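Each chain carries a letter (A, B, C and D) given by its place in the written order, and its residues are counted from 1.
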Amino acid sequence: MERFVTRRQVEFADTDSGGVVHFSRYMVFMETAEHQFLASRGINVDTRIQGKRVSWPRVAASCSYNRPLVFGDQVHIEVKVSRRGKTSMTYAFVLRRGDEEVACGEMTSVCCVIEPDGRFTAIPIPAELSVRLDGGGSES
Amino acid sequence: MERFVTRRQVEFADTDSGGVVHFSRYMVFMETAEHQFLASRGINVDTRIQGKRVSWPRVAASCSYNRPLVFGDQVHIEVKVSRRGKTSMTYAFVLRRGDEEVACGEMTSVCCVIEPDGRFTAIPIPAELSVRLDGGGSES
Amino acid sequence: MERFVTRRQVEFADTDSGGVVHFSRYMVFMETAEHQFLASRGINVDTRIQGKRVSWPRVAASCSYNRPLVFGDQVHIEVKVSRRGKTSMTYAFVLRRGDEEVACGEMTSVCCVIEPDGRFTAIPIPAELSVRLDGGGSES
Amino acid sequence: MERFVTRRQVEFADTDSGGVVHFSRYMVFMETAEHQFLASRGINVDTRIQGKRVSWPRVAASCSYNRPLVFGDQVHIEVKVSRRGKTSMTYAFVLRRGDEEVACGEMTSVCCVIEPDGRFTAIPIPAELSVRLDGGGSES
């Protein structure tokens, strides 16, 4: 599966008093890149399918930090699907500033129905989403 | 090394529109638990030693999410030192709600001097910090 | 109405690269103090009343910043109800570090039903909540 | 002074379990818009002038919330300088989704030197910044 790359600029609120981006914010950077990748395939991560609310909560997330990012940095975030299971997707991320790899990470998201009472139930990735993951793009 | 356990209550700002705690906030929960563990040993994570600013940026962080947390939940966070290197500390975390394990994670922090220009330089853990890590507690 | 005071310690993730607590985090500090005040009266800010989900979204929030807060600071947050309307509550907050007033703020929250489709509808504060706001405390 | 408008898309991490953007995140939206406005004038909010670190901490911030924002919304943020003092700038913000005004706010930032020990000292806005604020644009 081909690469998807998105870009963001470090905001002041992303930083901490160490002078660099707080390590928890990389999780947000990766999540938003995942969502933009899925949107590029016509998939909204918080949607309704056959009357049920379907979302993709995470079961695992990790990040390795190579170089600090600072306020104003332009970051390119590459997303690749590293594993596609029956109910889950695992993504690999690389964050770059120019040619420099500043961090890399991985996240596994599980396709779930959010029940009316708020509980999550894992479900096989619905056919209409699988098609979009395969096909590269939305009809919309 | 014995366990250290701290506690926090989920705040509204920790949650997301999935109805649960956003996965990036667990990183903050673990970091604060790390800082409280170190404080219990008399170690401030952002301090000056021999005129230099010494801090502990992270080089790796990961979390596995077993059960969602919701607004108002009381979370117990257990911290254990799983590896102590020459320049780094690796911590293992378990998050529990009552008897239920809701998440577990790991983080590696490297002892660094923050140079006046903002760069981080890894240093061997200073003797005065090692003593405190060994000894269990501050003299202050 | 008497004062309610709560306390929190500044976490590393609250700070920014100016070396101080990011100004947006004071909003979280005040919100959590509001929630703790309401909890002290037996009121959960996200609850169900007669089968409907009732919450208190904000329509206004403001803060004046007198002195910066830094990592590790102990902050006392005082909450007072400054106005109680038919559908809304306005709270005044003072944040102190020791005897020093570091910030003050105000927030207005409106009692709303969250409809199944996610829309908010303002409602008169339900009698069972008014009684608790009056009476000082929950029977639970 | 003419208007400056920037745009952002609501991220999942901006939301809370009320299903909408957490009210504290509007502060970040406004701050980043302020920074982008200043950048459009060639002004970096965290810079060095004559060897001193100059930044713009906030002394006041407020927001009125008219309509909730949800995940995925496109928000246009308009920035206007509503008052320019000797040491401070006051900005007025309007947030729109399409033609709908969803929120408006105000913030006052003070030009400060960050001393080596971390203290802030208010200073008159340096001439080289005033020129840029007047002139509309950087030479860079």
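FYI, a residue touches a chain if its C-beta (ideal position, glycine included) is under 8 Å from a C-beta of that chain, and two chains touch if they have at least 3 such contacts.
Since the structure is predicted, the reported quantities are computational estimates derived from the model, not experimental observations.
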Interface copy of B-C among C-D, A-D or A-C, judged by whether over half of the contact pairs recur: A-D
Pair with more cross-chain C-beta pairs in contact, given A-D and A-B: A-B
Centre-to-centre distance between chain D and chain B (centres being mean Cα positions), rounded to whole Å: 32
Whole-Å separation of chain centres (CA-atom averages), chain A against chain D: 28
Centre-of-Cα separation between chain B and chain A, whole angstrom: 24
Sequence positions of chain C contacting 2 or more other chains: 12-13, 17-20, 24, 28, 31, 46, 70-71
Chain B residues touching chain C - in the complex, by the definition given at the top: 11-13, 28, 31-32, 35, 44-46, 71-72
Chain C contact footprint on chain A (complex, rising order): 12-13, 15-20, 22, 24, 70-71
For the chain C and chain D complex, residues of the former touching the latter: 17-20, 23-25, 27-28, 31, 46, 55, 57-66, 68, 70, 114, 118, 120
